[in-house]
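In the two assemblies presented below, chain A is common to both, partnered first by chain B and then by chain C.
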Partner chain A sequence: MFEYDFMQHALIAGGIVALLAGVVGYFLVLRGQTFAGHALSHVGFAGATGAVLIGLSPMGGLIAVTLAGGMAMGYFGDRLQGSDIAIGSVLSLSLGVGMLFLHFYTSYATQATALLFGNVLGVGTDTLWWLGIMALVSLVVLACLARPLLFISLQPELAEAKGVSLRLVSMLFLAIVALATAASVQIVGVLLVFTLMVGPGATAQKLTVRLGPGILLAALIALAETWLGIALAYFTDWPTSFWITALSATAYMLASLQASRNT
Partner chain B sequence: MEVLRLDRVTVSFRGRRVLDDVSLTVDQNQFIGVLGPNGAGKTTLMRAILGLIPPDAGKISVLGQSGLRGNPDIGYMPQVRSAGTGQRLCGRDFVAIAHGGHRWGWPRLDKRQWQEIDRALELVDARELARRPLMELSGGQRQRLLLAQALIGSPRLLLLDEPLISLDPRHQHGVIELVRQVSKQLGITVLFSAHELNPLLPAIDQVLYLGHGQLALGTVDEVIQPEVLSRLYGAPIDVVRHNGRIFVMSGEVDVEKEEHYHDV
Partner chain C sequence: MSALTKLFAFAALALSTALASAADQPLAVVAAENFYGDLVQQVGGPHVQVTSIMNNPDQDPHLFEASVSTARALSAARLVIYNGMDYDPWMTKLLTAARAQGRAEIVVGRLLGKRSGDNPHLWYDPATMPTVARAIAARLQAVDPAHSADYRRNLDQVLASLAVIGQHVQSLRVRYAGTAVTATEPVFGLMAQALGLTMRNERFQLAVMNNTEPSASDIAAFERDLKSRQVRVLFYNNQASDPSAKRMRTLAQQSGVKVVGISETMPAGRHYQDWMRSQLDQLEKALNH
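Right after this comes the complex of A and B.
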């Protein structure tokens, strides 16, 4: 299967995105903010379809809108807590508006499926470059941010007392989450981002109580699930996104069984 | 040596004057119980000392430095609300995130820094339980980890905000004993806020009583007096001593117990 260009591209793109989503997802799970990843992908859908409608690249629209959404969520921070209904309404509205944009742009039906469920087998060379740059930037920023981010996640009052700006750190983190979300959409689509961003991080936290090993494990689990998913899709001709969600859910359930046996 | 000084300080919180033109000095190696009715400003006082709430007037200095947010000389243990995030993380890593947690970068500690973490854990006798994830620990065990975390960086002043909340009497006693022992061993001054005076009586050197924008600092015998407390409560207060316990009464009501009910 390695002789085809599209498979090579799929494996490289999948690998880049898996590493990014796994690491970012670990922090997302640790912070109890998994909903944010879900929310940003929905908002991104409207951005992507809107961009298509006015003749721009869907990826550009996706990145711009998720980034803006992420920064806004970080800025309002605590005030968003407990407003699930308001957030839920915005999410549904975003998907609805996305559908409206697609309706106006009638000749683009395949674009909808690709955005909603991902299309890793259709990744071109320029998308590959984009993904690489996004992942590199996100991971470098996260590496600089990780220390205060962990501090504000686990001990917000103490972190504040030690002079950490909660707002700045959470805004920067959610900007990274936005980029990771936009990248994940390329592989598994808007509706299934949860599987790549949250599944591996949650599985890793079931398997180890250590921080460093947990982050590494989350990245490796995401990588394994993605590559295995692409390979299984190649051999079965079933959609990649299905295989990745199946692997992600299975890994999480096995880890939960393992964790409950240990206690 | 003087550790903390408030010089004619006025502090407001949400538009209300919590401290109104108060002054005090605290020396080193003092275990001070911070008491007062709900809303008297125990937490606000600590946040002001930490530099999180700037005073409207006056000056707060810690070891001669004032207005410094993130002062490394202050150790702080915030009030625990419900179980927070990161419950699957082991205690040792949880404590370690406070080591230099305010600096940018990847959270890597070198050998010497890990030794510092382990020393703090040893002080509170938590080396063993720090291997377990937070979700498996009891309230009292968590408090020990939080205390270890507050001790990182060798602070000279320790601010503990309601460490006894939601602990049963046996564990309350354990935490008080532990804090006293650790603070005397290291010679640090501790401000320990609590709802009730009696559990603290055997341990504290002084009591800091807050109320009505005012405060009183001194030994238990100096402060727990009807005249002093009546001024702080703004109502006539009786002090009843019985079997080595002290009850602060307003008419027929034990005001500390009363506060407790309101809090739940």
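Right after this comes the complex of A and C.
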């Protein structure tokens, strides 16, 4: 299967997205904000349709609006309790606005909707470079942000008393999540990004409570699930999304059983 | 497709790649949509082996995840044909990922000078297929000059049979130009234009196709047209219909407006010409009524 260009690209692109989503997802799961991962992969719709309406590149619109959506979610949901309401409000507003844009758009909106359907089997060389750079930027910013982020996630009152701005850190974090989703969605598809953000992080947290090994484990699980899923898709000709979601769910269930047996 | 036929298809594909250098091997062609694939088959005859990706009228062409076998077929193809205009965006992506040397491409939208944002259902325009058939013949002759004469002969036959459709359209146009009709989706739009029919409720159709909600005034106008029989015929897309489109069909039947069912993708086992003829016959019967 390595003799085909598209399979090599699928494994590389899948690998990059897996590492990125695994690490970002670990923090999302830790903060109980997985809903944000789901929401942000749909928020870009309004950006894509809006950009088409005024004649700009739908891709630029998608990234800009996803980023703005992530920061709005962080601003209004700086405290974890109730943050899903902020996320839900931003999601529904952006879907509604996207509908409005399409209403005003009086021709065939194929180019706006086409952006929302990525496929891991359809990645070109240019896209790989671009994806790699976006992933690197996201991971570096996340590494700088990791300490205050953990502090406000685990001990928000103490963090606030020490002068850490909950609002600023949660906005920055969701901006990273937004960047990661916007970059990955149109390359590998909505379902795959969300699966890789939730499954591996949750599985890793069932297996270890320690932070460093947990993040590493989440990234490795995501990578293993992605590569195995692509290989299984190659041999069965079933959709890649199915195999990766199935592997992710199975890994989580097995880890849960293991964890409950240990207690 | 059953698992067994799939296995055979794989085996055949693997074999065709292995034997690609063999002299009289049919050219591997991939068509994104089966009506283009059918046209390639008609022009290429026994010298081509066509794989069509969208070949089932029951699937919604806009929601489609390409499989590994599709990508693999593209890697082995010598000629690829697809609609373009973001109607099949997965195809552009798969082609950049599955590079292949010496693979010819026909993008129908580009061939006709259309842009994204125009009505993408180009194969419903009677002027489209003759142009596409000529382009197919030219590419096949370039890739496989040994059978050039066969391709030319087949092309003449195909053009003759497409001309019959063109005459059918003209004769309907003479009798029915200016007749008001409507549709739940813009699939038939270019054909209706060629027939000189007056297409009403286009905003409703766009909303259905773009998966947004038709506005209240669009729905009211549509219902008024049907109830007061302002329109003679309702074109209904059998393939990708949503609840509001189904409601309009029921309303049309109740008010006595003729419903003509059309499909976006060609039904399996048909040829493009038969498919168009049967749809035009259906329309003629409805208009005669």
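One rule holds for everything that comes next: the second predicted complex is superposed on the first by the 196 of 263 C-alpha atoms of A that agree within 3 Å, B and C clash if a C-alpha of one lies under 4 Å from a C-alpha of the other, contacts with A are read in each partner's own complex, and residues count from 1 in each chain.
Operating definition for what follows: a residue touches a chain if its C-beta (ideal position, glycine included) is under 8 Å from a C-beta of that chain, and two chains touch if they have at least 3 such contacts.
In this text the structure is predicted, and so the values were computed from the model without any measurement.
When the two complexes are overlaid on their common chain A, residue A:L102 makes contact with chain C while staying clear of chain B.
Legend: residue contacts after superposition of the two complexes on their common chain; A:E157 is shown touching chain B, with no touch to chain C. Looking at the shared chain after the overlay, A:A224 reaches neither chain B nor chain C. Touch criterion not met for A:V90: it reaches neither chain B nor chain C.
Once the two complexes are overlaid on the shared chain, A:W238 sits against chain C while remaining clear of chain B. The interface of chain A with chain B does not overlap its interface with chain C at any residue.
Across the complex, chain B is touched by residues 30-32, 143-148, 150-151, 153-155, 157-164, 205-206, 209-211, 214, 263 of chain A. Taken together, the chain C residues at the contact with chain A in this complex read 6, 10, 62-63, 65-72, 74-75, 85-87, 89-90, 92-94, 96-99, 116-120, 186, 203, 206-207, 209-213, 215.
Only residues 4-7, 9-10, 99, 102-103, 105-111, 113-114, 117-119, 121-125, 127, 189, 233-234, 237-241 of chain A touch chain C when the two sit together in their complex. Residues of chain B that touch chain A in their complex: 47, 50-52, 69-70, 74, 76-79, 84-86, 88-90, 93-94, 97-98, 100-107, 131-133, 136, 149-150.
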